[in-house]
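The data blocks that follow each hold one structure.
Next come two complexes built around chain A: one with chain B, the other with chain C.
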Partner chain A sequence: MDTILKVEHLKKYFAVNVGGPFARHKASLKAVDDVSFEVGRGETVGLVGETGCGKTTVGRTIVGLYAPTAGTITYCDENLCALTREAMRKVRSKLQMIFQDPYASLNPRMTVGSIVEEPMDIFSIGTMAERRERVQELLRTVGLDPEHTNRFPHEFSGGQRQRIGIARALAMNPEFIVADEPISALDVSIQAQIVNMLEDLQQNLGLTYLFIAHDLAMVKHISDRVIVLYLGKIVEVDESKDIYKHPLHPYTKALLSAVPIPDPRVEMQRQRIVLKGDLPSPVNPPSGCHFRTRCPIAQPICAEKQPELRDMGSGHVVACHFAG
Partner chain B sequence: MDENNVLMRIQGLTTNFHTYAGVVHAVDDMTLTVPKDSVVGIVGESGSGKSVTMMSVMRLIPNPPGRIEGGHVWFDGAALGMPDRMEKDGPNKGMVDLLSLSAESMMKVRGRHIAMIFQDPMVSLNPVLTIGLQLTESMVVHGLATKEGAWKRAVDMLALVGIPKPEERMRDYPHQYSGGMRQRVMIAMALSCSPELVIADEPTTSLDVTVQAQILELMKELKAKLKSSIIIISHDLSIVAGIADKVVVMYAGRILEEADVYDLYEKPGHPYTVGLMKSVPRLDAENRERLVPIEGSPPDLLSPSVGCKFAPRCKYAMNICREQEPPLVTVGEGHRARCFLHHPTAPAVPGFVKVE
Partner chain C sequence: MGVQTAWRFKEGSTPEAGSFAPALKGSEELQQVAGRPTTYWSDAIRRIRRNKPAVVGFWIIIALFIVAIVGPMVSPYTYEDQDLSNTFQSPTLQHPFGTDQLGRDQMTRVMYGARISLAVGIVCAALNFLIGVTYGGISAYFGGQVDDIMMRIVDILYGIPTLIIVILLTVLFKDRGVNPLVNVFIAIGLTYWLPMARIVRGEILSLKEREFALAAKTIGAPNNRILFRHLIPNAMGPIIVTVTLEVPSAIFTEAFLSYIGLGVSAPVASWGVLASDGTEAIRSFPYLVLFPALAICLTMFAFNFLGDGLRDALDPRLRQ
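Presenting the complex of A and B:
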């Protein structure tokens, strides 16, 4: 497969104050800690995990909203981390992002037309008339009425606003889109509309998606491959149809069993693996395997040695001492 | 249903909000029966009126702009201990209308007989008071226990909802608890006075899946242990599937369908319910099938359309659907649906089971 994006040993640490806002002592919050993966052209890769596992940080670092602490991001044979600002700007047009909250990601003082046109303005593409034309076309692509270019975001519903955000992301003819929880702020009946549209756009425009979400059922539906993150580290990667059938990592198993299924007969009989406690602090993660404090099968070795990612065949990778 | 087994009966409840833009009909002619010792799930999207219904029951609608403009909320009078306010005869014999109570009497009901678990545990606990104080407050106010007695019971309640070292954690402040633990505290608080009815308004929406599973398991466990009825509000059909006995589907301030949990998922009687089920992917699905979305957007409650409120988005809408609002008809035992497709002369449509 033709690799479009390659992330190698990516690390992103944030400096935090330990012991209150005025304390002198700084510590680093390891939001992403040595993450490596590849994305093939035309593929949809799902990134899942709980709040605070670093999935959004990975996405934002890829599009250049955060500078990585260490590691490389290679996009079409170009190392994004080594580019100058000017060169990065050019590449950036091919890497776009769809944000989670359509209520916060559109400027309320700009009309829909100018929101969608702005990326083309920045890159000075075409004449004004051509850009206007393109805006109309984009709005049609995402299923909005082109007549509405002069309206403001507050005149639209949540689903329609997310469509505007998608039109803006498409304005530069991108190849790679990071979709950061694009549907979690939407009503259930609207989610399917947006997901179907994303699938159609992928077909028609040959897009590659990194789909970040916490809804595992939706991730399974939309992605070809799934990456499971826990406290800034990859714990398992597999084809999405397989990972749901044969998860190997105890965390993946627990995540899957936590998802409710809309069928009372299935639901009443299910045996849940309920994880105890909450996600530990990423400032001070547990020694050895990060998951050991909540793991139902933890052994002494888990506290001593960090499990390496092991290849279990056919692209199935897992980081657990007891997998397989 | 056994008439003596009714804990609460909402009858024709209508709540409107009078705003500058016009009147918002948030809840319109809502009728719902909650049996004793049962779990009722209310499912609906944002703006469907599920929370407003429950706020009306609790009489917590801010006025202005909100106003409860009609209907009754009958609650078991014997449980409330208000023999003088009970209906003498009629179908609601022995029940008390909560909407007719004075503000003072209503204060004796809230927390004591009907308790609420709110959606966001981050904002519904007071950040400057200790957990212990917040937990004991309602027991002391309702005169159920002395301060010392309430403290002991609160420690037991914290242990019951699975907080480790409850004695020590009583003196902590909310910010020292994680999101899931705060929701456990909210549950302990709601249950502290052993209310007859607990209303859980989207209790897991702001939580992670793994923590959501913890809270749902806890609620199931408590349901078996305690003698409270629970109303669980959610926008997610899959959350109520595992816990509810009866499910009500709301849309635009009205009930579109009401059924036993098995009936609802196996033979849904309303196109909206069918649509909701088809629009979410299932984790246990074998193949990757394309989702079937419900086209269009949720209704504008400021200027509701005539006829069925779901008709503009309904695949099967007929002429009559745009002219008249269908009544809620009985389509099976304890199964009601608001759809003209159940009418004897309506055409049979593929993908929709007409329940006789």
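Presenting the complex of A and C:
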């Protein structure tokens, strides 16, 4: 498979102030700490993990909203981190993003038509009439009434707004779309509609998705491969059909045990692995394996040595001393 | 889907029982939308209309503009025509506000003073928009060191009293043929955009983290487009409120400066000059100070009531 996006040793640290008003000092919050992965053309990669594990930061760094602290992002043999601002702006049109909150991601002062038209306006593509026609076409593609171009975002429901956001992302004929929890703010019945639409669009337009989510059932449905993040680090990567059957990392096992099963009899017997405690602070992560503080099988070695990602065969990669 | 009923009736008339009938299936009435959904601005206008002082303030400001523009044109007198045989006249039909020590018609002079006051107000509002909004927006949008430096400059300018700036300018421009009104404009220009810059900065700081601003960045929008098309239009509410509260304060500053003799000077009639002249003869001819003082009061009230009303109407936390 031909690789469209390659992320190597990506790090993104944010500077934060810690301590009280008297003993203040600067520290770095390691939102993403040495993450490497590849995405093949036409593939959907799911990125999962709990709140604060760095999923969104990875997505935003890829589309260039954040400058990485270290590491490289290669898109179609072009290193995005080395591009000038102007060159980056051009490449960005191929790399688009769908945002989490459809209520916040559309400018309330602009009409739907001008929101969807804006990318074409910025890059001066086509004449006014051509752009207007393209807007109508895009709205039809995402299942909205093309006559609604003069309405404002607040006149639409959450699902419709998310469709507007998708139409905007599609305006420049992108190849790669980072979907940052595109369905988590929506009603369950609408979630299915949007996911099905994303799948149809992928088939018709040959898109590649990086699908960020915390809903594992949805990720299983849409993704070809799943990357599990914990505290800014990858803990496990596998084909989505395998990872759900044979998770190797204890964190993945715990995550999967939290997925409800839509059958009451099976659901009754579901064994939940409940993790103790909260996610440790990414400003001061635990030594060795980041997960050891909450791991049910932690041993003394976990505090000393950081587990490397090991290949367990057929692309199944896991970072645990006791896997396999 | 159940059968929907569409109905409407004229305002004020109560429809009789039985006049409600379900709309026919497939008729256009079923598709009819009851009304336009309320937008931010239509909602704000609805709320400000219910605020009586704000509405009164609004109409006083409109009246003030009309009087300032039309008044001196239709008046049979001009602000500088002297009539030494008719000095210190009490209010009469010929001179409704009386005449001053040189026999000039006080009403014409007060109406002319409104021109100066409103000119000061317009200059202040324009500078607020041009300098204040842009400065605050740039400072917040670029953030970091840019923000630090730009805001420290604001802090320093804040520390210099307007009075000192005016005195310095008066000394500087003395005998150079510069219109003293220009002094007042420059002084107001140097100081009155500062609160606006701070308010806009605060607004943009929170708006720039919103997802629509990030979305604009991902579609490749350049910085000036994000700032002027996405961020500033969304801060319009607080900007308008600040302008309506800054304008009366600038008008008052001009009146004050003229009163103490640092603003415009004779024979030009500004409310401050008129009040100052009137005070000299306050024991014998109190009406000379009464009318300019009333004009100042009325303008202050009108702008402040309107500004308060706008603030209540545009603040989403006070939404009813």
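Keep in mind that, in the parts below, the second predicted complex is superposed on the first by the 319 of 324 C-alpha atoms of A that agree within 3 Å, B and C clash if a C-alpha of one lies under 4 Å from a C-alpha of the other, contacts with A are read in each partner's own complex, and residues count from 1 in each chain.
Definition applied: a contact is a pair of C-beta atoms (placed from the backbone, for glycine too) under 8 Å apart; a residue touches a chain by one contact, two chains touch by 3 or more.
This one's a predicted model, so the numbers in the text were calculated from it and none came from an experiment.
*Asks:* After the superposition on A, what does A:173 contact: first (chain B), second (chain C), both or neither?
*Replies:* neither
*Asks:* Per the contact definition in the header, classify A:284: touching chain B only (first), chain C only (second), both, or neither.
*Replies:* neither
*Asks:* Applying the touch criterion given at the start, work out whether A:50 contacts chain B, chain C, both or neither, answering first, second, both or neither.
*Replies:* first
*Asks:* If you stack the two complexes on chain A, which partner ends up touching A:193: first (chain B), second (chain C), both, or neither?
*Replies:* The first partner, chain B, only.
*Asks:* Quick one: is A:244 in contact with chain B, with chain C, with both, or with neither? Answer first, second, both or neither.
*Replies:* The answer is first: A:244 touches chain B but not chain C.
*Asks:* Is A:63 in contact with chain B, with chain C, with both, or with neither (first, second, both, neither)?
*Replies:* second
*Asks:* With both structures placed on chain A, which of the two partners, chain B or chain C, ends up touching more residues of chain A?
*Replies:* Partner with more touched residues of chain A: B.
*Asks:* Share the list of chain A residues that count as touching for chain B in one structure and for chain C in the other.
*Replies:* Common to the two interfaces on chain A: nothing.
*Asks:* Where on chain B does chain A make contact in their complex?
*Replies:* Contact set of chain B toward chain A: 45-46, 178-181, 208-214, 216-217, 235-239, 241-242, 261-262, 265, 275-285, 288, 290-295, 297-298, 313.
*Asks:* Please output the residues of chain C touching chain A within their complex, sorted ascending.
*Replies:* 37, 39-40, 210-212, 214-222, 225, 230, 233-234
*Asks:* Residues of chain A touching chain B in their complex?
*Replies:* By the definition above, chain A touches chain B via 50-51, 157, 159-160, 187-193, 195-196, 199, 214-218, 220-221, 241, 244, 254-268, 270, 272, 274-276, 278-279.
*Asks:* Would you pull the chain A residues touching chain C in the complex into a rising list?
*Replies:* For chain A paired with chain C, touching residues are 60, 63-65, 89-90, 92-93, 95-97, 99-101, 104-109, 118-119, 122-123, 152, 154-155, 165, 168, 171-172.
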